Amino acid sequence: MSLTAEQLGEVIRAGVPMAEDIGFTVDEAGPGFARARLVFSERLIRPGGTLSGPVQMALADAAMYAAVMASIGQVEMAVTSNLSINFLEKPAPADLIAEATVLRRGRRIAFCEVRLLSPGEADGEEVLVAHVTGSYALPRQR
Amino acid sequence: MSLTAEQLGEVIRAGVPMAEDIGFTVDEAGPGFARARLVFSERLIRPGGTLSGPVQMALADAAMYAAVMASIGQVEMAVTSNLSINFLEKPAPADLIAEATVLRRGRRIAFCEVRLLSPGEADGEEVLVAHVTGSYALPRQR
Amino acid sequence: MSLTAEQLGEVIRAGVPMAEDIGFTVDEAGPGFARARLVFSERLIRPGGTLSGPVQMALADAAMYAAVMASIGQVEMAVTSNLSINFLEKPAPADLIAEATVLRRGRRIAFCEVRLLSPGEADGEEVLVAHVTGSYALPRQR
Amino acid sequence: MSLTAEQLGEVIRAGVPMAEDIGFTVDEAGPGFARARLVFSERLIRPGGTLSGPVQMALADAAMYAAVMASIGQVEMAVTSNLSINFLEKPAPADLIAEATVLRRGRRIAFCEVRLLSPGEADGEEVLVAHVTGSYALPRQR
């Protein structure tokens, strides 16, 4: 049974405390894909006006989880087994977007890539601010 | 000018919003080393009673920062450039310890390792629950 | 001065001994991009008929180097500072393709992604067999 | 049935072509641990006299494999699922040592750390030239 973007957001906010803190929402989801959002809040910024690293990691992790559940349905026992993030640019003080893709879904592991995007100076421009890869350990199939 | 463990905790809690959320404190610090702590709170757990991944990443990131500043003094412009975490075991619902070591400090980059430790079943036992490596981009030396 | 795909292959084979061992060639290159190839040879396979992990890493590393030089010209002092590979599928006993992209080129670091592709069962199909991210430390600009 | 250091070296040289190219040998092994060696040869160096990145990755990968087999016995179907290397210093033109440790051995995955060490300027000194983490997918237990 597939979940809508809205349901994915709810399930994850209910299950991961930090997802709620960052105003995590899912804008769009489909098989192996989710586009999610951190809703900007002054509370999340470091001095200097930028979103902190841990906040970006929390968004990436939740977006991966959304992409995995968009593929295989609701899995409460899936757990991140590895996450590797490269910070490339300072994000703007604005909503941060995460585009998560499942690159390979095996029986035991789903391997994902996430791109964190922040508004650029030009209208409608999106800048890649961080690149993330991660793997999810999937629960044993019934 | 070297900072005490207590000062390191204060500087980081003041600069990284999520460090405050996790009750980040530094127990011990010396050149290239910091032992830090997430103070357990019900607010940080996922259903199932375990500390979430993002919370563990936030602790590891802050502990690396402490180890870097314990080496080179207060550096407000140091930023994490890469962080890679492997989750090995579920942490207990208890304080989580981070032991961060600077493995190499170059002119431009400090490379660190962090071990996250949680109380085991035996008295005084510590279980390795996550392993982290990361690099910090250091500000240009004056 | 930009290098052709053929020149990139020559420079890298001359500079990295293992690139020569794997018959490294560059098929196509442009700013921030290179499509390179390991030429299949029985000598490179493990029992079971698959290309070994180290051989795949050697290809990915050389392809990143090609993409970096395709962006900024010949740089003999650029060195890989980090490489992270996730092995997703066994490659076929055939030429292995690497598509390397520079995702961000800073003053000091170029951050790259490489996808390793192997022929699938359908005609013309390419299967993602490994995903790689890496960063290159760039020489100081003159 | 546990394997001696010598047997581990043989099994790996026979199974991984690149291990043979680098003169891979195991000096010492015990449960969850292996100390292995790349035997220096002019053939392996890049212009500038340093051992290339791919050669270091090949050594690290083979040393992890040795540490895993030193823990659980000969496993021909174990495959590296992830390897992440950070290059810290240029190695000397000399034998390169790898100390590999299994940090956690689960049912399905063994997670390892490898430190690559090269002779320093002082007598008997060893310099950390690269740090590696990796995970091995273990075959299904009978």
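Just a few scattered comments:
Labels for the chains are A, B, C and D, by order of writing; each one numbers its residues from 1.
The rule is short, and it goes like this: contacts are C-beta pairs under 8 Å (C-beta built on N, C-alpha and C of every residue); 3 or more make two chains touch, one makes a residue touch a chain.
These numbers were taken from a predicted model, which means no experiment stands behind them.
A centroid comparison over C-alpha atoms places B as the chain most distant from subunit C. Within the list B-D, A-D or B-C, A-C finds its counterpart interface, over half of the contact pairs alike by residue number, in B-D. Taking the mean of the C-alpha atoms as each chain's centre, subunit B and subunit D sit 28 Å apart. We define each chain's centre as the mean of its Cα atoms; on that basis subunit C and subunit D are separated by 22 Å. Residue positions 81-82, 84, 86, 135 of subunit D are each in touch with at least two other chains.
Remark: subunit D residues 14-19, 21, 43-47, 52-55, 57-58, 61-62, 76, 79-87 touch subunit C in the complex.
The touching residues of subunit D, when paired with subunit A in their complex, are 81-82, 84, 108-109, 135. Contacts from subunit C toward subunit A in the complex involve residues 84, 86, 88-89, 103-104, 106, 111, 113, 128, 131, 133, 135.
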